[in-house]
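Each structure below appears as structure tokens.
Here subunit A shows up in two complexes: once beside subunit B, once beside subunit C.
Take a look at the complex of A and B:
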């Protein structure tokens, strides 16, 4: 019988040291979460194949182990739920979604890519092969393949995420939402916003959901989208489908 | 330097602070320091407890060989570790699936016991219902002081179960609990760092069980 020692060096020769990249990513994710919490956002915790991680993240934020730190709204999306449908029904613009999951978990990827349309900030914690670029706002990733060592280090990652988020609360001046300082702001100038199709009528008008709320758009410039599809919206029209093959 | 030790030096700590770059740099530095601290604790504890892990793993393996099952329990983050343990034993990435259950998953049972009697009995009462001689009670606590764990160990001992505990600090009350046969202690005073190493200990314990497990005549 093969004996695998959890304290052995992970496959691939990597040691357990934190890469500078991971620490920088943790810092940016923590500030982003602190800003969203400060503005009233809720953290939705997702881990379809290891629900205990989602529960651990949630309890960390709701009932911190360090006395005197504030309780923050964090919720577990139950195991077995249709992840995308559950989140679609419950998240509000300004919320956050944190997933502890492998890059190959398709429903997690689907939930994450809807972040711009739902107005959610997304954090994806995992190990092994990385998700595609831009799969989430923050990708906190470990370059190792041993699932048990990875699982142990996920605990470390979300503990640090919690600790650093609370450090950010001491810096109230930095908790204001980002303001548009650049000359051309994609969000404000409506250059192209991601929207999720809610419904489509026979004339090509669609009701869509964006980070700013629901709106009616024209979809005649693209192939007819289906409910749930992501589209790029500019000046009241869908200008591109964000679904593969369409 | 950790973020805490430099916090008072920030030039814009007040509400008019605008430059996030220095904060982000300090956060990253703090993360790296805590990461290393956690890595050291993990490696040192696993090394220090190597012999005890093998011994407890062998004891647990004998229980499984004789048809026993494992009950895992804890509070808060440790409850999620109990779920992790139950999932790992029953659905391992390699090795033999072994019968294990978490005592924190049934909200009807947990709320009924808490409402009718009190949270101190949520694990002992379940062991009373499910536990048999030769089963294993595995309790996880960072403080080692959880009353419901101590009661569970006492109940398990009364029923002829084997008892294993994971604790932190200097072991807490679990270290002095006469009904707890094996207590594995993570020597730290940070709940987070203890929990991070306890996750590794739980996995190492599972590996030790797999190493010692010899299912003679198993179906």
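Take a look at the complex of A and C:
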């Protein structure tokens, strides 16, 4: 297996530039992907400004390159497509989105932000200035400025992502999802679930999409939302828009 | 046991933990998280175990199930046992013990008690059952009260008369004042509630730094949010600042949700005083329906006993709610009082400090205290 260590220089002598913890984060992201694949999820691969990365990621996961390994469902969002609209139409709760992109790529940030509403696990691979804290479930970032070196190392990172995912498949006990079956009180937990508005009617009600499915909510407490807006839902009512001030 | 690796964006979480260690420099700091949701996140994700030992988190009164006194539960059961009444409630209130059992037991005795997710669901039940009276057991802070208010506005607009609300809504600021006035608690700052603040904004907390000289940082509910909230509190203390700050900028505006505040003002008015479990009567801390909505007020429609019932002597929910003692320091914690057979309400709701600690923290506390989980450097 390829070894990625922050204190080890990769072949070719380029400085890896990986921060301590990246290896742990890579392993954790791989485990999350393995659990989602095991539960039937599909991987959506995104790289608007360097499409070859998205194709490469998808090929790695789809192609059972090692004898006996599973071919895993992975799909590329084509270049030139409206990224958010394409993902909105195709992803299902339990799916995954892997992006190879810079922090400044707004449409990638927008897709990642919608993960909680769509029920997707999000992995963002990049280099240079980091995206905002918490921008994705897994932020696999390199402290590098040279785009060519970074691009080469992205390949190594998603190769490892693929390979470690298959390592997780060899340990079926790891694939049990972290289920949370407990009752959660919506009032005490001060619940605010992220939901994406699908449609709005004239009576102040909206059909929204959440990680648990679609539901009707009341929206009279906020300014009339538009389809695609993210809102916080508490006890059947939208209590805040997540679009203001953006 | 959970580690920062399992948090959203663990690299950012590691940076926050390291900054907490550096800024606090070993000095003991005691912060209260006001909201039950924060308490739940802290225990579930083991945040106390990744923090340096000098950072102490105490749990506040922000669980509205936990603060409902036994007498109000008895009142709810009395309403549920009225003939022809369908009594609707959020799930967690169903197991909260009154002096004569809980709502689930009332249901077992034949009362028509139904669990709902939203007060609007209760209104739909009323519309589907015009021959029955539907009562909604309204609890919650300012996050939940607007949803009840919207439901009442819809009931009035649609002329639905077989619906009423038993209001036990409470407000967050008065208990905060009560805690700050408490002589037996010394705090260095507050992690302010997240979604309550989406409704009321940050302005109502101004008295916390202005009058009491304590910083407050409104925080979201992800583990990373709470860690960043602690970082912001420590930065204030380091810099000699004392102010309201907003970590949860993606949802909270300083002015709050003005539409929701207008709806609250139209439908509710403050009670002169309201009893909080363990905290006693607190002035202007509860909401009742305004005279304009008297026709939908269950307390006016029915004869509610309104008897005050003293808390069980063995229960120390009051001290836990004020953060004076930790859950495991209560005499009956984990022995006579468990989530299966709760004596105090803190053990009922999963966001109650006792239940959260019982479910997540009790087995690891001593081990973690003895050998702190090492935090990897960023």
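Just so it is clear, the second predicted complex is superposed on the first by the 216 of 246 C-alpha atoms of A that agree within 3 Å, B and C clash if a C-alpha of one lies under 4 Å from a C-alpha of the other, contacts with A are read in each partner's own complex, and residues count from 1 in each chain.
The criterion applied here is as follows: a residue touches a chain if its C-beta (ideal position, glycine included) is under 8 Å from a C-beta of that chain, and two chains touch if they have at least 3 such contacts.
Just so it is clear, the model here is predicted, and its values are computed rather than measured.
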First, second, both or neither for A:160, with subunit B first and subunit C second: first
Which superposed partner A:28 touches (first subunit B, second subunit C, both, neither): both
Subunit B versus subunit C as contact partner of A:71, first or second or both or neither: neither
Partner chain(s) touched by A:170 [first = subunit B, second = subunit C, both, neither]: first
Which superposed partner A:89 touches (first subunit B, second subunit C, both, neither): neither
First, second, both or neither for A:137, with subunit B first and subunit C second: second
First (subunit B), second (subunit C), both or neither touched by A:218: second
Common interface positions of subunit A, toward subunit B and toward subunit C: 20, 22, 24, 28
Subunit A residues within the subunit B interface of the complex: 1-7, 16-18, 20, 22-24, 26-28, 30-31, 50-53, 55-56, 59-60, 63, 65-66, 147-149, 151-152, 155-156, 159-160, 163-164, 167-168, 170-174
Subunit B residues within the subunit A interface of the complex: 3-4, 7, 10, 12-18, 20, 23-25, 27-32, 34-36, 38-39, 42-43, 46-47, 76-77, 79-81, 83-84, 87-88, 93-95, 142, 191-192, 195-196, 199-200, 203-204, 207, 210-211, 213
Complex interface listing, subunit A residues touching subunit C: 19-22, 24-25, 28, 133-139, 141, 182-192, 218, 220-223, 232, 234-237, 239-240, 242, 244-245
Interfacial residue positions of subunit C with respect to subunit A in the complex: 5-6, 8-12, 14, 35-37, 40, 62-66, 90-92, 117-121, 139-141, 143-144, 146-147, 150, 153, 193-196, 198-199, 221-222, 224-225, 228, 249-253, 257, 259-260, 263, 349-352, 359, 376-378
